[in-house]
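Okay, got some structures for you below.
After this come two complexes, each holding subunit A, first together with subunit B and then together with subunit C.
Here is the complex of A and B:
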């Protein structure tokens, strides 16, 4: 199995990154703070005022290390990456597959199957772990209904003939899922009624949005590494500048991220005071707690689980990469269908 | 795998400082300086073969010495740090 290379996050404002002898060197006010051999890295994420020397940027581009710029609050700004890598034949097949509605629907279907299955697993897992502690019969009933409705959506997915109907099912499932999501939060301070983005107006939504950004970043890198075109998706519509395929691939991992967010809250790693509301009403995580979140995120990526399809124990951080491999195999015609990651 | 590389470079002849600097640069390319002439290097076999070869080319085998400790993949529990100059955990969270 390929080693999981690390991602470096630069949060120190006014820091200067440069390359010295194949090392990435971080300087703040001319003082060297860190020195990391570049071959250990796969990505660089910069928050806010971070300057990068052109030599380092060139080196990263040549070695397939992507640089992502976010603003101080973690909003995506820009991305620097090297030449499009990989196999042109694979990419061509991918684009041709995208043209065929039938094939696109088939792929989108399996991806959403993964998503809904994993969403259902989040609820099931909660019922299994905490079901006995739920005193309110009503809540338990709601969770069970949600689970049944998700199961129904899951079976209905296979009847869908078009992207629109698939999206409809997904929407329905999302409504059901986020409808009961508040019951999974066991800290009374954190309230959640519905999923809101652009901008997120409460802490839970802010956390979800932030973590989805990290997830999309990982999925995009994975696709890029595999030689697929992250912009040409099957489920998400094509739009310039939008990593549609990365968003497609991210779908099946979203429930895992949801659970990650839940455990941050429920295990009291983050508190309501860690958030601030900006004048435009959007809620963001403060800088110090973001450190906690990123630490937990990196930790989670190191955790291993058994991949049912590869039958191998893999770090969670490699899952997007593995799924990208499966997708590439399917597009090349090496296997009959795309197999989503089903969480268990 | 994790490899610990240490060396002694003799300053007897004039090219000593030059060799020392070149050895250090080579090691830094792949790994982390933990003490003056001690480097922790985590590489795969291919990278290591290359680095080792480069180190041997640079050193003068009649006066310098190079010692290599192979710590394997399970090196984390074989290394303990006490005191100042804590090194970065390159596999852990890199948030700076």
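Here is the complex of A and C:
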């Protein structure tokens, strides 16, 4: 398997990054804080006030290391990337495939199959691990019902003939899933009633939103390294500036992110005091706990899982890259369908 | 007049190693830097500066650009020696540097023969033989461009041309000995796609 290289998250304000021979050097107030060999990197993600020397940018661009700038809350600002990778035939096929409603629906359907399958896994796994500790029989019944309804949505996906109906099923599944999500949280301080974006107004939603941003970033990089066009999706509509395909690819991994968020809360890696509410009512994670989260995110990527299609054990951090490969190979005619990652 | 894009001499050996590897590199721009390719480049650096030198009856040219328009191939020869004959003509003698040792398959010979075909067209002269220099054994192996090798070389060029024109990447045929040495194994997934993906997925959903 290809080596898993690191994404480095820089969130110390007023950091200055530059290149010294083959190392990346991080300075704060002229003091060197870190030094990393550049060849070990896959990407740099900068939060807020971080500046980078043009020579380091050029070096990263040449070596396929992408640099992403986000604001303090994880909102996308800008990105520096090297020349488009050489796979023009792949991109052309991707765009032609996108023109065909039928083919787009087929791909979108398999991607959502992955998402719903993995959502169901989150619930199943919880019942398996904690089922006996759930004293409230009503809660247990709700979880079991949700599981059954997800199974039904899952099997109905294959009947969908258009993106709209697919989205409809997906929305239904999301209601079922997030309807019982509160039961998976075992720290009473953290309340959750429904999934809320733009802006998140409670800690759980804030965590979900933040981690989905990290996920989308990883998916986008994976697509770029594979030579696919991250902006041209099948499920998500094309919109200038939107990485539609990265959002498509992220779908099957969202439940994994949900479980990651749950474990941060349930294992008491994060506490309610780690969040603050801004004047507009949006909730965000404070700087120090965010460091904890990013470190846990990096650790999580080192964990391994069985990839059922390849029948190989792979680091979680490589999954988006592997799935981008599956998509590329499908588009180039190596197999008869895209297969999502199924979490077992 | 031929209008097709030339095929690089160095790609012929990719085809002979594995047609799919050729297609992944040529059509899909897939490239993996690994130890194998990195070392190859270091070795090549020494001979990559265009230069020439004369010693006695031999004039040596380094990093010489070659092409055969009719066959649609081009590339760079590591070294071409021009051997002066008694009648005053010069006969080119291509030498290609290879890391490692002589191989059982004929990829290196084909690449060298293709260079000879270029030199023949460029100089309007027959090039009867050349040599491969293997880094590991530090020895020249003489190669005669006989009919059999010439035919194999022409067939290889034609097969490469076919892939370039149809733009179809051949399916992977997994052979553990070969694939484990292949620098593109991670992008090729030779083992991954032997089953029907649609059927597999349907099966997984049905299971429970």
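Methods note: the second predicted complex is superposed on the first by the 343 of 344 C-alpha atoms of A that agree within 3 Å, B and C clash if a C-alpha of one lies under 4 Å from a C-alpha of the other, contacts with A are read in each partner's own complex, and residues count from 1 in each chain.
FYI, a contact is a pair of C-beta atoms (placed from the backbone, for glycine too) under 8 Å apart; a residue touches a chain by one contact, two chains touch by 3 or more.
These figures come from a predicted structure and were not determined experimentally.
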Checklist entry - Is A:33 contacted by the first partner subunit B, the second partner subunit C, both or neither? => result first
Item to check | Touching partner for A:12 - first (subunit B), second (subunit C), both, neither | outcome: first
Checklist entry - Which parts of subunit A are touched by subunit B and by subunit C alike? => result none
Item to check | Contact footprint of subunit A on subunit C as seen in their complex | outcome: 27-30, 167-169, 171-172, 186-187, 189, 191-193, 196-198, 200-201, 204-205, 208
Checklist outcome for this item: Touching subunit A in the complex, subunit B uses residues 25, 28-33, 42-44, 47, 88, 90-96
Checklist outcome for this item: In their shared complex, subunit C is touched by residues of subunit A numbered 1-2, 85-90, 110, 113, 117, 151, 154-155, 227, 308-310, 325-326, 329-330, 332-340, 342
Checklist entry - For subunit A, which residues are in contact with subunit B within the complex? => result 3, 6-12, 15, 21-23, 26, 33-37, 39-41, 291, 294-295, 298-299, 302
